[in-house]
Amino acid sequence: MQAEIINAMSPDAELFQAYSNRTQSMENRSMQVPRGDRRTVGQATVENPKVRCENVDIFYDLGEKKAINNITLDIGQNEVIAMIGPSGCGKSTFLRSMNRMNDTIEGCRMDGKIFLEGKNIYDKDVDVVPLRAQVGMVFQKPNPFPKSIYDNVAYGPKIHGLVRTKNQTDEIVEHSLIRAGLWEEVKDRLDKPGTGLSGGQQQRLCIARTIAVGPEVILMDEPCSALDPIATAIIEDLMDELRKEYSIVIVTHSMQQASRVSQRTAFFHLGDLIEIGPTEQIFLNPIHQLTQDYITGRFG
Amino acid sequence: MNNSLSPSRTLDIVHKGLKRRVNAERRFRLCGLFAIIFSLVCLSTLFVSIFVNGYTAFFQTHIQLTVFLDPDKIDTPNIMDADFSGMVKQSLRTKFPDVKSRKDKRKLYALVSSGAAYQLMDIVKEYPQKIGSEIQVWVPADDDVDMLMKGHIKRNVKESDRRLNDAQISWIETFEEQGKIRKQFNFTFFTSGDSREPELSGVRGAVSGSFLTLIITLVLSFPIGVATAVYLEEFAPKNRWTDLIEVNINNLAAVPSIVFGLLGLAVFLNFFGLPRSSPMVGGFVLTLMTLPTIIIAGRASLKSVPPSIREAALGIGASKTQMVCHHVLPLAMPGMLTGTIIGMAQALGETAPLLMIGMVAFIVDIPGSITDPSTVLPVQIFLWADSPERAFLEKTSAAIMVLLFFLITMNAAAVILRRKFEKKW
Amino acid sequence: MKKSLFVVMVIVCALLSIGVVDSSFAGASRDYISIVGSSTVYPFATVVAEKFGKSSGFKTPKIESTGSGGGHKLFGSGVGVQHPDITNSSRRIKKSEFEKANKNGVTGIVEVKIGYDGIVVANSKKTAVLKLTRRDLYLALAAQVPNPDGSQILISNPYRTWKDVNASLPALKIEVLGPPPTSGTRDAFVELAMEGGAKKFAFIKAMKKIDKKKYKAVCHMVREDGAYIEAGENDNLIVQKLIANPNALGIFGFSFLDQNTDKIQGSFIDGVEPTFEAIADGSYPVSRPLFFYVKKAHVDKIPGIREFLKEFTSEKAWGDEGYLTDKGLIPMPVAERKKYRSAVENLTELALSDL
């Protein structure tokens, strides 16, 4: 964390600079909420949310281990919401509950409700297949299929039956790659394996693959942690662009990234949602003692 | 806590132990090298000895005879009944007219294989117009003559110590002087089935039997094995039952193959009443034997498919079956194929379970379907190795070569298939 | 997509092939003769089968080498196409086997003796020929032998060299390679050579009447201290080991000696050399008759059985100069051949009282 704070002195992290300058004064100020208080601080709900999570509990190992403790959180329309917190705080688990990827984990159980546009996705009659088409996911490590670039993007539309003809497929592939900012780089080698691209390109290919199915929400689980700063910058710009059409939830360990790309930030700690609020407020003026400790690098 | 270890001291200590470490490393590598050389020497000794013993079997001594196809002796519609061996004997008597005594005549007739008569029969069947004329024909020599020509029987030992007496050797020398005895490529070895006469025996029956048996094995064990592996690895819940199944499959892989033979005897022959000695039952038994190998290999290769690929597919909204069929299975297929071919190779070399279901048998006719009685290559090797005739020794080695050829081909196919599948990505 | 199609196709193929198989064996009949039994008779039966198959127009009989006991078990398990028609045997059928076969519905059994087989004790030509007696063989190879001091007590075999057994023999270490207990050759050797030798001791002979079990054990138990080496069923292997080790003796069928006369020689037993003639006239003591048994119920049901029997019992096959003698079969005297040929022609049934 120390290193990250030093790195944060890059020119484009103005917000962060401002925050750093004020760190000194914050240290001595007494917080409104002490460390021991585990209740969520801040406004967790929004008007007309895309996704509404209500009292979500998640357990691992057949209920032995509680990973997420009674979290209520809304994801707004066309916003990027960042989830930060120390390793093992449950932010990825929570993220994965939004498209039911946790279903694939043996012994994982979820209580509570998650509404996608008013429909509880954990209802018995909900099929995960259309749900995951609606709520796409980009993973930590770029994981293109070992197929051609074209097939990578075309795969989702094909299995969902979104395309009937070759022309339609071509169109959707091109459109998705353009949206993911990869078209110019790969248009001449669509038949080459997706695994032959560089790390950043692979991750953008994964984003293209996700948006090819036409999702409404995109979940990103530390999408840049395996990438170099240049690739990271490209993806971050892309997120800003994608926000116009989709709601994006991003889990990140990089606070600069959270501050750069998100409108709201949620701070998780040991399975609790500690603080949620506008990104600027979380970084410049955290209310909870734990949040302040984390962003100033006291722990984590 | 380690203040006493200043950097220079650390370096000293490291330097002191360095030589020992370098030596240990060298020793370790030498051990490995030695192991490889040892196994190579063993392998090449095996190959060389088999080759040296067996290559002569690819050639067979033939003798040229002038045979008169006596029209009095051949009844045209019933060619089978004609006394062709009498014609062969007549031809030998004409060639050596001074052989008079009954005993000597027997010795003379023994020079030519009993297969000569069948060869004449085939000629007459194909060209009936030749009846009544004299024909020149190369017929196979008896196995003892063959052994003599190949040097396995020495001419200079005492007469009582060899299977050919002095008179026989002098007749052979007459043939040699006239250029009427020669070694030629042994097509019989590849075109005919088993025989009790070494010069007439071949591996085709056993090869066909092996082929039919393996086809059955492959057709059954591959889909069943893959389906089992996929279900256990991807779909089955992890509970006590699946643990039990897993333990059992691993145990089955180590069960001696004869046990599968006993099972086959009890279930397929005695209960279902399937035909004894047939490639079908052989294939069933070998399927039982190879299944655990394929399942274990299949599960291992499914496990080795990175979970990120599964997540990627699920994350887009692929169903579990789509994920398995479109992504996991193709990636696991090279490993599964390798496992299958290793299992097949194992099955190809198996004799013990086939003993119980009657495939260790003397079968001359070449099997044409999966219900015909048949034997397999390793069984043929086993049977020949146990035959008293000296000439079967080289046949045994030659049959081993044929078996090795198939094994090498199969393993090469495994490598090629794997490469081909992997190239796609 | 293609992959899943492929998998489905493979499964369909598998099911189809099972279906085809299913229909093909329903109501199956057999058009070839099925023969099982002794590995000693196997080389002779196969020659006849091959000649028969090539010259008769019938299919070549299938011959499995299961051992005499295994053969009788299969043979006596019932009547029907799934059961063999003929079993070869290097000994006569046992009463128990006969009764069991009767119980399973196999009633008409025709017994055919085909000739004799000699069991030889041979060594490499590099060493001198041994002149052994059955007594020597018993003393050298039995687990328990009479105490050499002359008292009638059985002790575990103390002999190390042939000279210990019989002063006229060379001082060679006793080292005999022979077949394992599963082999018919071993049975015959123990019965003919060792029991024959043991009977030379009056008190052992007397034991037969008192305690038959003990008598059998004394005569038939082969020593297990390393002097007798079980070399497996493969007689060729024994021949090769003899060539490699000139001091060892080997026990196997006469045909293997016949095929390897340049490398090995048969020891004299009771003063008789194992030759074709000596075995044929019965002067060589360690020889046994060979048989096969035919299921009468199968004759005329399975095509070719009559013709096969005719071929087997023809003079050109089992006669004095028949092709079976080339393979090492020792022919029966003319009268005996005549007797069994007529048994085959009339399909004379074997009765329990004959055994």
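Every chain is named by a letter (A, B and C) in the order it is written, and numbering of its residues begins at 1.
To be clear about the criterion, contacts are C-beta pairs under 8 Å (C-beta built on N, C-alpha and C of every residue); 3 or more make two chains touch, one makes a residue touch a chain.
This is a predicted model, so every value here is computed, not measured.
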Note to self: Need the central chain here, defined by C-alpha centroid distance to the all-chain C-alpha centroid.
What the structure shows: B
Checklist line | Chain separated most widely from chain C, comparing mean CA positions | finding: A
Next item on the list: State, to the nearest whole Å, the distance from the C-alpha centre of chain A to the C-alpha centre of chain C.
Entry: 82
Margin query: Roughly how far is chain B from chain C, centre to centre by C-alpha average, rounded to an integer in Å?
Written below: 28
Item checked: Distance from chain B to chain A - Cα centre to Cα centre, in angstrom -> 60
Next item on the list: Give me the residues of chain C that touch two or more other chains.
Entry: none
Check: Do you know which chain B residues sit against two or more other chains?
Finding: 326
Next item on the list: In the complex, go through chain C and note every residue touching chain B.
Entry: 1, 3-4, 7, 10-11, 13-14, 17-18, 21, 24-25, 28, 30, 32, 34, 36, 39, 42-43, 45-47, 49-51, 53-57, 59-60, 62-65, 82, 125, 233-236, 253, 255-256, 258-262, 321, 323, 326-328
Notebook entry, point to check: Touching chain A in the complex: which residues of chain B?
Noted result: 237-238, 306, 308-319, 322, 326-327, 331, 424-425
Notebook entry, point to check: For the complex, which residues does chain B have touching chain C?
Noted result: 80, 106, 110, 114, 118, 153-154, 157, 160-163, 195-197, 216, 219-220, 222-224, 226-227, 269, 273-277, 280, 325-326, 329-330, 333, 358, 360-365, 369-371, 373, 383, 385-390, 393
Notebook entry, point to check: Quick one: in the complex, what on chain A touches chain B?
Noted result: 99, 101, 104, 106, 128-133, 136-139, 141, 143-147, 155-156, 159-160, 193, 195, 206, 209-210, 213
